[in-house]
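The letters A, B, C and D name the chains in turn, as written, and every chain counts its residues from 1.
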């Protein structure tokens, strides 16, 4: 099977490698001439069988994805299919699918998990779209997903949008899991009683209730830097955690843990918290409690 | 009516002033010779009518309060009463009451609210202990409490311990209220759309649902320093917020808001958060996300 | 001064009464013939001086407000002004202002706080829009706002949208404040130690740090029903709490307290929590912990 | 090697089986005559080599553990060792160790994770105490822990108390992890878009960032009951989650996620929430918002 792959960044390039290792003939396109297989999107499209094309889009979510989808709407033919595998918002999928459907072009959205480890371990795949299209694309999904039973690394989650919705929830859970381990790590560090913190986390790797791949990664990080001295506490958020909380609010679903994890990241990036300045000011006003003057530049 | 008052710090000295203005004859004792009325606790006790003495203790909670109560147990006579008005844990009250009861000495615990404004506005009082003792001490409470109906600034909340329990809950609520205003303040500051943030808070002073004394204090703080530039975001906690959450956990009461307010204070005092270092390390491990190296000394 | 007022529901009717008591000549329109002053929006417009008209819109946010603004765009003349006082999202204000500006019609957005008590106490007002228009409408605002200094019940918060943004934040704070009192109330009820819970809350009315109008209302509610036996724990949310959290997420502002208050409302309306079913199922799986079978219909 | 094992409940009996399978000669004692190997604690002690005895205590934490330790203090000899493997608070370990040390008896505390699956998979072990004693007891730990490298299922975490402290933190993390998955599950269920929720969770089993043993268990639970219809949302808490939050408060460690998970369990067990009744009452007071009357018996 031959497919096109648009976007050969860190994720896309690894996926090309894994697809090829899995027997899929991949024609990759990227604006970066050092990594691309073809010179243009037009050339990519021309290299695939008309009316049976699959073009996997793996570029940054938002305007760039929109641009590629728009371009493909003009280049592809009825019967072709776009597979959108980026970190897009699930509501964009409905728009993409409708725009492409006007040209007779099919659409699948895929949530892809696995990060830089996916090349080796395979990628967890959550797919939304028409069942017949999913069926036709199965060889591609099978090449990407981890070895083992198909249903342990792949799901046809529902209609268009379901793949990215599932991926969004996956990432929201990820925020909560990471924060739970992080709070536990801090509590182990807080008292002198546990004198081997990295060893304690490592001892949870087998047999315990909290064993997981994220735990394995934290153990690995602590082996490299036992007190995390080399790393700052500044934590970015990618947007999917925000979507998850927005979505929960829209559906009136209480999300105390995932939202707390998100807010902890926001706080981590603040130099001085305006809110806590206000609390300090209030304490000073009513209690005459001493406050610390602001540090220069804080 | 004549009473003894042990502890003439910021709170105690103000209370002596208000009591005297209210017609109570106060004999104050403090280790600080510049503020004390008498040279010793013995002298204070000797200056009061045996068997009818009221000695109000207003010293730091914990070991110092314990020491004064112990001393008074040896100095007072049956029929005398100790009134403990510090920020003590309510479980200490039962111990104090039992120890004094062995000497025939009565005990009342009083939660006192009002901070530095109490001198002028009066102090909110929550009292625990025997009804007959409370009745006898009413003139003292009436002199301390705000003007207006007695039940709007004073309550006999229950048996020994109820006064400090009520004060603990009062302070827990206070944490939540302050954080709610603080979060709102930050959100007003976050966008350019509201160009008069201090004026907006001031406009909430009358007629709105959020009007309160704490709001008035925040307005005052912003009049002095419109962007809170002169104040750091480092916020102490006094212990009563911690007790409140501990107590909730003991009673299986969910306390999401008050606990979040407490944790925000903890976070405000951290140089670098070990938990967020762990999250950053995890993101680096699974996604190859770039991390910021720790700043020197962070 | 004469103005038009569209929408004579609970809020609008009370505002008409207060405006008239304050010397403003109000022509009110409502679809309900029992409360309206005129038969149609056209008639309302015709009754006001062309090019100097002020029409206050006080109808449900969303589609209904949009409809009235659209209608007024067709009926009003250059120089007239629409004042939008409903609970609209601040992003709608920019759209309304732009649409009206095409017809030379001015626009002010006003956040109004005070609920059913506003008739008597006056309404807290937060206004967004052009300074000259605000100046011209001041007599209207002065009639509506509480007595006392103007800046304690009124603010020109910024350009178009600032009024509703400020009101949104006001309501978010309100969620946090209410939840803080509520958690404290539950903690007072949780132990037998405080035997007079309503009296304890009442005693906080004066002198204490937590005194506020919301506290006064809770005291009033407890006087009517000391254990809140007659009321269910089902709590609606109006939408502005959701907007507040969405807005915070958009601005990367941590909002642990206000979001917790919002989530507590979501939880209060759930029959059975799917999340907690999942936790129960997990405990059963790993620990053999007994679970409760679901009640019929739960 | 021969050891004594006191307590043959669900956990203890499974541990006896695994120890025997691992070549350890176990003499078990339980008050239940159907499961015990010996008739009394005296008989158990008599069956072991004096001065070299290891007695593993696996009974409910608190008073029962205390009683067994007290009894063993009277029965054992200098050179013997008590291994306390229950879910005890780490502060009890210091007391037990000191009391036993007066008789020349050694003490190790062990946090044991693995639940009902430990029999098959092995138990994660966190040990506190003297290094020489830990060394001597290694054959026992090796028989209990999972297969694989020793340091992936066992750690000598520190001095006395470190084992139970580590286990407490482990369980706190567990609360957070479970709640994160549960919130995600609810969000998947909340919208119709993902039509195969159990399949989506199963597809996360391999390759994804959120893969873990707890996820595997949730997948298993959903295979048995795809919508969790047979299970109620009432969730018990074992005490260790409470200790974790108490400990964090004592150390001024912010714990938003783990505390939120704990509070969610508290809420799950409330018929009607007093706090939310208070919020409902407040809304009714200020806004005239309709409230639901309390259901009979609620």
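The rule is simple: a residue touches a chain if its C-beta (ideal position, glycine included) is under 8 Å from a C-beta of that chain, and two chains touch if they have at least 3 such contacts.
Remember, predicted model here, so these are calculated numbers, not experimental data.
Colleague: Counting only C-alpha atoms to place each centre, which chain is farthest from subunit C?
Modeller: Using the mean of the C-alpha atoms as each chain's centre, the farthest one from subunit C is D.
Colleague: More C-beta contacts across C-D or across B-C?
Modeller: B-C
Colleague: What whole-number Å value describes the gap between the mean CA coordinates of subunit C and subunit D?
Modeller: Using C-alpha averages as centres, the distance is 47 Å.
Colleague: Please compute the C-alpha centroid of subunit A, do the same for subunit C, then give the distance between them in whole Å.
Modeller: 37
Colleague: Take the average of all CA coordinates in subunit B, do the same for subunit C, and state the distance between these two points in whole angstrom.
Modeller: Using C-alpha averages as centres, the distance is 33 Å.
Colleague: What positions in subunit A touch 2 or more of the other chains?
Modeller: Residue numbers touching two or more other chains: 115, 179, 181, 183, 186, 190, 209, 214, 253-256, 260, 263-264, 267, 273, 275, 286.
Colleague: Which positions of subunit C touch subunit D when the two form their complex?
Modeller: Counting only subunit C, the residues touching subunit D are 10, 115-117, 178-179, 181-183, 185-186, 189-190, 214, 217-218, 220-222, 225, 228-236, 256, 260, 264-265, 267-268, 272-289, 291-295, 298.
Colleague: Touching residues of subunit D toward subunit B in the complex: what are they?
Modeller: These residues of subunit D touch subunit B: 209, 237, 242, 245-246, 249-250, 252-256, 259-260, 262-264, 266-267, 269-270, 273, 275, 286.
Colleague: Across the complex, what residues on subunit A touch subunit D?
Modeller: Within the complex, subunit A touches subunit D at residues 90, 113-115, 118, 121-126, 128, 145-148, 151-159, 161-162, 165-166, 169-177, 179-181, 183-184, 186-188, 190-191, 193-196, 199-200, 202-215, 244, 247-248, 251, 253-258, 260-261, 263-264.
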